[in-house]
Every structure is written in structure tokens, then in C-alpha cells.
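In the two complexes below, chain A is the common chain; its partner is chain B in one and chain C in the other.
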Partner chain A sequence: MSDHEYTPKSKAGKWFNDRLPLLTLANHLTDYPTPKNLNYWWTFGGILTFCLITQIVTGLVLAMHYIAHADMAFESVEHIMRDVNYGWLIRYIHANGASMFFLAVYIHIFRSLFYGSYKSPREIIWIIGIIIYLLMMAAAFMGYVLPWGQMSFWGATVITNLFSAIPFVGEGVVTWLWGGYSVDNPTLTRFFTLHYLIPFLILGLVVLHIWALHVPGNNNPVGIDVKKPSKDTVPFHPYIVIKDGFALLMFMIVFAFFVFYAPNILGHADNYIEANPLVTPAHIVPEWYLLPFYAILRSVPDKLLGVVAMLSAILILAVLPWLDTSKIRSAVFRPLYKQFYWILVADVLILGYVGAMPAEGLYLLIARVATAYYFLHFLVILPVLGLKERTIPLPLSITEPVLGGSPNMAMAKKKESKIE
Partner chain B sequence: MSDKKPERRDFLFTATYAVGAVGAAAVVWPLVDQMNPDASVKALASTEVNVSSLKPGNTITVLWRGKPVFIRRRTQEEIDVARSVKMEDLIHPEKDEDRAKNPEWLVMLGVCTHLGCVPLNDKGDYDGWFCPCHGSHYDTSGRIRKGPAPWNMEIPKYEFVNANTIKIG
Partner chain C sequence: MKNILKLFSVIILFSVSSVNVISAEKVEFLKTDWTFKGLFGKFDRASLQRGYQVYTEVCAACHSMKYLSYRNLSEKGGPEFSVAQAKAIAASFEVTDGPNADGEMFQRPGKLSDKFVMPYENVKAAEAANGGAYPPDMSVLVKARGGGVDYIYSLLQGYEEAPSGMILDDGVHYNKYMYGNKIKMSAPLSDGIIEYSDGTKASVEQMSKDVTTFLMWAAEPSLEARHQMGFKAIVYLIILTVLVYFSMKRIWSRVKSEV
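Showing the complex of A and B:
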């Protein structure tokens, strides 16, 4: 909370605030001291909040027209597209909104990886973020099943069958998930229920995510602690609000491009064919944002180990604060980590690419090498690097690299002695 | 733990927790079990299929419990190939005699044992079935020969009601 006591100006405001301190909360949020050197990579938190609200609002109105029944779901989606007023717009915003949500969340995650935002004292913020990410994947997967097209049906079949890899109880778990002996109407209705529930769980976790953020305050590109409030910080409003707002506008231009000019480019044509339990499409692929993990799943020749590898690839992120042994947060001062960071980015992009390709020949080989490297990065490179790397000296404050022109400690010291 | 001897109150706490846990489990179970297959799903447990029009070398696919079932009337050549395979060449060793009691008729779930896709007829390196999803090859007995699938395609419970009708389930 803010370091100063807040008292509302009006008498009515004071009366209300004494009974429910909502105005104190609003004051905390507007005055919240923010490092003044935040760059545009820090605007994706706000963009993600916008994405979540967009998905909830468009999803709510789609649910007014959609029918969660195996015989009617496909037709009701076409009804939304053709008959419902602006139905095409609302559905395209919702469908592309999911992709935009993941685009933003990947930038947000890789921002944290570059600037070490997951390190002490921000581990809880990071772990809540990973839980949100897992819930997002569950929501996106179940949402993709609802139109009951061929990709919906077979995607649901393949993903739920992953649970059959569990020893002994696997088959029972899959039957329980399906509510039958195959993906069918009971599966569709429960997926709809959960797809409706999860965004509100995410909303609750976002509140915790921001609450946990406001305890230590924001990390920043230099990655050193700031004193707050001080000359190192600016109030959230209007400085960050304006910056976030501008970034959001840029993001919305990209969003609008997809919605109005390429609404189906991120989808699959097969999903405009109604679900048919007798015919499997020739090439099953998940949505683009799940491809790296799909590539990891397929790169392991054993069914159970493939599933274990895929889940580990996500869950390993939760223990990242303890795998990275370096005390220095920002990659700016870690010359070696910076290189490994970009190799990891390339590695994940390669995994995404081979995930979309057939699992054979050269693609399979590349997927295996990239999978091995992914785990190598987190399990070997990060722990060793933190102990061995020679880092660049940190500046004394976030103001110093700007005013002093160099992040070099020696120069900073010289300047300090001059001041004395 | 402290050296304090357990009192009446400690016993009451433990008993209360235990009763509470049993009560919570009793409430949770119906909420979990409602997701299992319901009575109407279980009631669709069997299907009868007329196979009189099926010629040798052809396959029909019927839906049973929401899953495809392949019924193939095999040619003599296919039977001979399936029965001459050595057991040590199989990933999941099963005799063709055990999979097709009546050698002319192969009745099996058309579900790949890898991740549940429907394999394609008369395809693959063993002239049986080929799964397009992740590349599993099955022979003319529906046994896995190559690819990520761990087991042979499953043989459901079925019987010939008369010469022309198969009852599955």
C-alpha cells in the first residue's frame, strides 16, 4: 500500500471510505510508484488485462446464441456467423482474441525471462503467472472444441487420450473425462461449462498477480531495486496509464488487422467441416500457441514419456526462480545469459515450427534436438551460468545510466567522489 | 511435539477432523462420479450389423458406443499373410487365430491405440491400416507393426447371431 495516509476530500467520500476503503485502494492504484525507466515491454500486463476482458465480454454474448449440444453446436456457430446481428464480428473477435491473448502472454513471459522478473522477491508473482498460463491453455483448448468441427472433435480426442498414458488408471480417467466411450455430447457440455468457468478463475488470479506485484513493486530494465517513492519512480497515473494506453492502441491495430482482414488465417479449414467420429482429418495440428509443446510430445517415441516431457516443459517454468542461480536480474548485465536467452527464443520458435510439420524424417530429428536443448537450458545452463558468469557491474541507481551515460561502476564511483 | 499428555480435548479435535473428512469425501464423490458414463450411455452397449452384402476384401465401418468398428471380410491371401507372421516380429504379440476366431471375419475397434485417431484402410507398409495422425502401421490382422502406438487394435466382444448378422457388445 501507499506509504502516505490517504483521506478523501469530500465529507461523503470520507464517510464511505471509513466503512469500505475503496477510495484508499483507488488512490493506491493511481499513486502507485513505478520505476521511471520502464520500457514498452512492460506494457503487456495492461494489454493482457484488456485481452481477458475482451474474451469475457465477447464470450458472454456468444453464449447467448451458442447451443452446447453435439447435434446443434456446429449449426449454432454458423447461425451466429450468418444470422445473429454482428455475430460474425463478435465471434471473430473472440476466436482471434485467443491468439492475441497468447501473443501478448508470450511477450510478457519472455520479458520476464530477459529482465529476470521472476527472481527474488517476485517468485510468487511468477508462479501465479504460470498458473494463469496453464489455465489459459485449458480454456483455449476447450473453447476450440465448442464449434464441434473436425479439428474440434479430433483435437479433443487426441488431447484427452494423453491421459490414457497414466499407468493403471489411464483408461478409467479418459472414460471419466469423456462421460462415455468416446468424445461425445457429455464431453461437449462439460467442456462448455469449464470454458465458461476458467476465465473467471483467471480473473481472480490476475487480482492476486497484481496484488503480489504491488508488494515489492515493478522490476525494471536495469533490474536493481528502486527506493519508492523517490526520484527513481513516477506515479502510475498519468505516466504509466498513458504509456500503457498508447501501447494498447498499437496492439489493437494488429488485433483489428486479424479480425477484419485475415480472420481465419490462424484457424484450420478442417474446422468448417462438422465433427465426424468415423473420419480423422489427414493432418491434426493444435492451434499455433500450443505447437512448441506438441512438438515436445511427439519428439519422444514413448507414449507415457512423451506426455511427461510435455508437462515438464511447462511445469519447469514454475521452479525457474530456483534454477537460475544468478543474483543479477537483468540480462543487460549478463553478457553470456543474454546470448543463451536468444538461443532459447530461437529454440522455442523452431519447436513451434516443427510442431506444425509432420513428425518424420528431418523434422523429427530437429524436434528432438530442440527438445533436448530446451531442457538443457533450464536444467544445466541456467544453474551453472549463475555461478560461472562474469557479470557487468550494476549501476548505483536506475537514474545513473541515463545521467552518467555509462553503466560502468568505476565511472559511477569517480562521479560520486567528484560530488563529494 | 510437546511433552503434554493427550487430553480429552485433543481426542475431540481428532475425532471431529476424522468425521469431517469422511463427510467431505461423501459429498465430493457424487460430484465426481456424475462425470462417468451415465445410464443412457451404458444402455447403448450393443449393436447388430447385417454383413450379408460384404464381399471379400471389403471393410465396413459401423459406430458402436460412439467409436468406429471395422468389419473386414478378409481374402484368403490376407489370412495367410496374417497367420504366417512370426510372434517375435510383433510389438504386441497376439496370434491371428486369437484375434479372428472365424478367419474370414476381422472385427475390431477402428481406434489407433496411440492417441485415438481412426486409421485408414488398405494403407501402410503392411497392407492393413495406417494411422495418419502420428504414423502407426497395422497389418492385416490389425496388429501394430511400426510407429508410436503401443498395442494392437482392440477386438471388442462380438458374436454371430446368425450367418449374416454380427452383434457387437
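Showing the complex of A and C:
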């Protein structure tokens, strides 16, 4: 937390603050010194907080009207859409809110990858972030099951069946997860319970995520340590608050466009057909935000290894701070890494695309190559690159980012060794 | 400003590509000018009323619409029959109610609060009467099919002679737009099969358009309210964004940095 002492001005404030230092906390949050060169990619933390709160609030209202029962879930969603006042609005915000949440989280993660925000001393922030991301995927998947449409039912069947790949106990685990011998009412009720629980776990982790962030302070586009507070920083309020607010409003315009003018475009038509265990849809596809991992899963011919590959693809991110051997954070000063970064972005987009296509022929081949490259990037390219790459000299501070001469370079090196 | 543009282009790229991936199914559907599309899209009231007539006189023989109530027919943003008309429509159906004080189920005329009466008791009965194929409930049918309204509109006009070489089983028909081209429903519409009460000529094309409009409303009864609110919300957001942008510029002018 911040180093300076804070004493409330009023007597009552002081009395309260001595017993519970909420005012100190509020003061810390307003004064929090933030690098003044943060660009708009840094506004997504605030946007994500907005997304989480939106999902929780709309979710609460939906839960008041939704019925978690295999025979009534689909109907209760239609009841929300038709008979609940503004039910259609709340449901469409919640459904599209999930997509917006993931859009924002992917930008947030890829920002971190570009500017090296996961590197020392921010590893814990990063790992908490990965846990949040995992929980988001679990929450989104279970939320998609709740309307009990065809994609809900068959998506749940496919994903839960992955656990059957576990040697020896797999089948038992799946039965245990289902609460029966197929996806049915017990599965639905437990998914609803967990779908309700997870957002609050995420909320708690978000608090830790921000707390951990406030220890070293924000990384920044230049990626060097900033003295705080100094001429390189601005207080969080009003500078960052207004900037985050501006970016959030732009984000909300896009959000509103989806909610009001294309509310079903990100969903699958089959989910408006009530779940039917006897009819399998022609293509079972997850929501768009899970497609890259779905592609990885399907690109491995063996079921168990496919599951392992899919999980590793996510978990590999957790050890990223140790896989990336470069001490330089920002890709701005890493000309080679910058190129590999964009190749990785393209690779993930390609995986997402083939994940939506049938796993056959050319698509399968592309998926395999892209999967291989994904792991190659993290396991080979990053460790080697950090040792071999010739980086561009770092500036001494973010206020004087233009550097040329060699004396400065030496100083930059010195600065760099201090970071270690 | 450059960064803002970059950011916006990423988000728009995402939106466009997601739309492309989803509409990747490659069948050219018949096109018509739907009045309910676009920023200010509204239903054509007369078309909705005619569409209801097509539904109730043709489709309802086999297809249920179990999530709609008769009261919906007089609600704002729908066909907007008068309350008296909607009551009369409801009363023309026999509804099973009960049990009464003697424990007996009984028949009574429908009321506004009743759900649309279903043509069959249950799914099994529907299948039995239709050669094993269940005529899907039509409440959200438009949203449950990939091509949406264009698909339904095309399907209704897509009945043709099967190409030579294609063998069709008994009770199976050829349809250009059906997935796999085989459909159990026989061509439901033919010119003049019904007589529109407003005197419009009941061509297959006209009926297809009307009934599809009606189905769109049935699946999305709040579409008009959504479009109206959406426009206001987005205009409001844009104005607020501009104001916040200038406040931000003002606040950041105090420090030597760019936003």
C-alpha cells in the first residue's frame, strides 16, 4: 500500500478511521500514483470490473425469474423474455455481457503479453489473473447450459465427457459430475449453483488482483520502473478515473450495439431449440471465446492427450513469467519479440477460426500446425529469445523516452540491473 | 487519438469477423425487404395481422406456439388487434380447464390470459399424426434456425420437383432450402389457399412474407421496444462520450502528457 500516512480532517472521520481505516484505503485509491504514459490498452482493467459488476447485477435479477429444472428452464427463459418487465433487456445484457467480458479480458491479457506486465515483480498479479480467467471460462460454460437449449445440453455433454479421459477413474468422475448417468436435472441444478457462486469468487480474486497490483504499481508502455510519486506519475483520481471512464463509454457503445441491434448474433441458433437428449445437433460448437482451446482439444487424435493439451494451453500461461527469460518488459524495446508476439496473436485467431469449423481435412491440418506453434512459442521461442535477442536501449524515465547515444545506453543497463 | 482509433478498429474487426464466421453457411436465401430490420425497424402492422391469419388457418393445424398468449395479440409492438378482437379470437378456441369443484376437467371458451391452444396433446401425438416427424413449436422458430427470417421465407417457397436421381421416401418432399433438401412437411402454401380479410391477394410469396413477419414478432415480441430504446441509449452514450472526452482533455492539460 502507499507509504504516506493519512489523517482524516474531521474528528468523526479520525475516530472511525482509527477503528477501521476505510478512509485511508479510499485516500490510497484516489492518490494512487499511476504512470502518466499509460495508453488505452490499460483501460481494460476498469472495463473488466464494469463487466463483472454488470454480470452480477443482471444475473441476480435473472435468477429471480429463472427456474433451474430440466422441464422448466427453457420455458422460464421465454417467460423472462416475454412476461418479465424489461426481461429481454436484462437477459440480452447478460448474454452479450459474457461475450463483452471475454473480448475485454483477451485484450487485457494480450496487452500484458505485449508490455511484459507478467514479469517480476508482478508474477502474483498475473497468476491471480490466470485463475480469474479459468473461473470465467467455467462460469461462462455453465451459464451457457442454463437456458437448456440444444447447444446447452450437448455442449455440457461434450465438455463433461472430457473428464472420462482421466485414466481408471474417468467414468466415475463423469457420473459424479452429472449426478446421474447422463446430463440431466441434477446436472442443471448444480451448474446453476456453481454459476451463481463463481462470480463472487472472481470478485474476491479481483480484489486480490488489484491489491497485488497496488504493491509494485502499474507497469507502463515503456516497461521501466517508475519512481512514485514523481513527475512520471499522476494521481489515480481524477486523471485515470476520467480516462478509464472515457474508454468505458466507448466500450459501452459497442456493447449497446450488440444488445439492441444484434443480440443473438454471438449465440448459436440451436440454443433456441429446447434440449432433446435424443437428437444430436449437426455441429456442436462452444461459444466463440472458447474456440481456440476447442481447436487445440480436437487437433490431438487421442482423447486424453487432447484434454491434456487443452489444459496445458491455459496453464502454460501461469508459468509464463519464468518461461520468458528476457529482463526487458515492453515489446517496444524487443524488436524480435514484437514480431513473434504478432505471430502468436494471429496463431490464436487462426485457432479460433478453425475451432468453429468441422475438424476434418484442411481445417484439421491447420489446427494441428497452429496448436504446435502455440506451444512452440511458449516453450521454445520465449526462453531462447530472452537469451539471444538484441534489445533496444531503455530510456531512463518515461518522461525522456527518446534515447540515442551510448552513455545513456550504459545508464539504461545500470537501471536494468537494478530492476533485477 | 491514434490509440483510440486502433482500439476501435480492433473491436469493430472482431464484430465483423464474428458476424462473418457465423453466417458462413453458404446457401443463397431469397431476399425481401423486411420492415423490421435496421436501426428504426418496425413491424408492418397489416402484415402481422395477415401473418396471424396464415398461421392460424394453415400452420396451426400442426404447429403449436406454446409460449404466446392471446393477450399478446393486442399488445403494443405486435399485430395490435383491438382488445375486443383479441378477446373474440381467444373465445373462438376451446380451452381445457379444471379440475372444477367436482374434480372434473371441462371445456370453456379461451380468454386473453390463455396460452395459444396446441394442435396436439403432446409431442408423441404430434409425431404420430405426422408420420413420425414432430412439427416444431413456432414460438421461437425464427431464432432457432441459422438463416432466420430469410431461411423461413425461402423454405416456404422452396418446394420443387426433386432432381432426377434423387429418391424420396413416401411423405418426404424436396425443398431447395431445407438442410439435406428433404422435408417431411408438404408444401403448406398455395396461391389462394386462404382469403385475406383485408383483400390482399394471397399469393404464396405474399403469404410467406406475412407469416414470416408474424413468426419474427412471435420470437421477438419486444423487437420494436428494443430498437427504440437502443437508438436512444446509443445517442445518449455518444453525447456523454464526447462530453467526457473534452473533460478528459481539460483535466490532462494540467500535466505534460498525451491522452
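The rule we apply is simple: the second predicted complex is superposed on the first by the 401 of 420 C-alpha atoms of A that agree within 3 Å, B and C clash if a C-alpha of one lies under 4 Å from a C-alpha of the other, contacts with A are read in each partner's own complex, and residues count from 1 in each chain.
Just so we're on the same page, contacts are C-beta pairs under 8 Å (C-beta built on N, C-alpha and C of every residue); 3 or more make two chains touch, one makes a residue touch a chain.
It should be emphasised that the depicted structure is a prediction, and the values quoted were computed from it without experimental measurement.
Peer 1: With both complexes superposed on chain A, which partner does A:Leu162 reach: first (chain B), second (chain C), both or neither?
Peer 2: A:Leu162 contacts chain B only, not chain C.
Peer 1: Look at A:Leu134 in the shared chain and tell me whether it touches chain B only, chain C only, both, or neither; answer first, second, both or neither.
Peer 2: neither
Peer 1: Considering only the touch criterion stated at the top, classify A:Ile56 as touching first (chain B), second (chain C), both, or neither.
Peer 2: A:Ile56 sits against neither chain B nor chain C.
Peer 1: Given the touch rule stated above, what does A:Trp176 touch, chain B (first), chain C (second), both, or neither?
Peer 2: A:Trp176: touches chain B, not chain C.
Peer 1: Please indicate which partner A:Leu396 is in contact with in the superposed arrangement: first for chain B, second for chain C, both, or neither.
Peer 2: A:Leu396: touches no partner chain.
Peer 1: Overlap the chain B and chain C contact sets on chain A and report the shared residues.
Peer 2: 282
Peer 1: Across the complex, what residues on chain B touch chain A?
Peer 2: 32, 35-38, 41, 61, 63, 65-68, 110, 114-118, 131-135, 148, 150
Peer 1: Give every residue of chain C touching chain A within the complex, in rising order.
Peer 2: 3-4, 6-8, 10-12, 14-15, 18-19, 21-22, 24, 39, 67-68, 72, 136, 139-140, 143-146, 148, 179, 219, 221-222, 225-227, 229-231, 233-234, 237-238, 240-241, 244-245, 247-248, 251-252, 255-257, 259
Peer 1: Give every residue of chain A touching chain C within the complex, in rising order.
Peer 2: 36-37, 39-41, 75, 78-79, 81-82, 88-89, 92, 103, 107, 234, 238-239, 242-243, 245-247, 249-254, 256-266, 269-270, 272-273, 282, 288, 353, 356, 399
Peer 1: Which residues of chain A touch chain B once you look at their complex with the stated criterion?
Peer 2: 154, 157-158, 160-162, 164, 175-184, 186, 190, 277-284, 298, 301, 303, 306, 358-360
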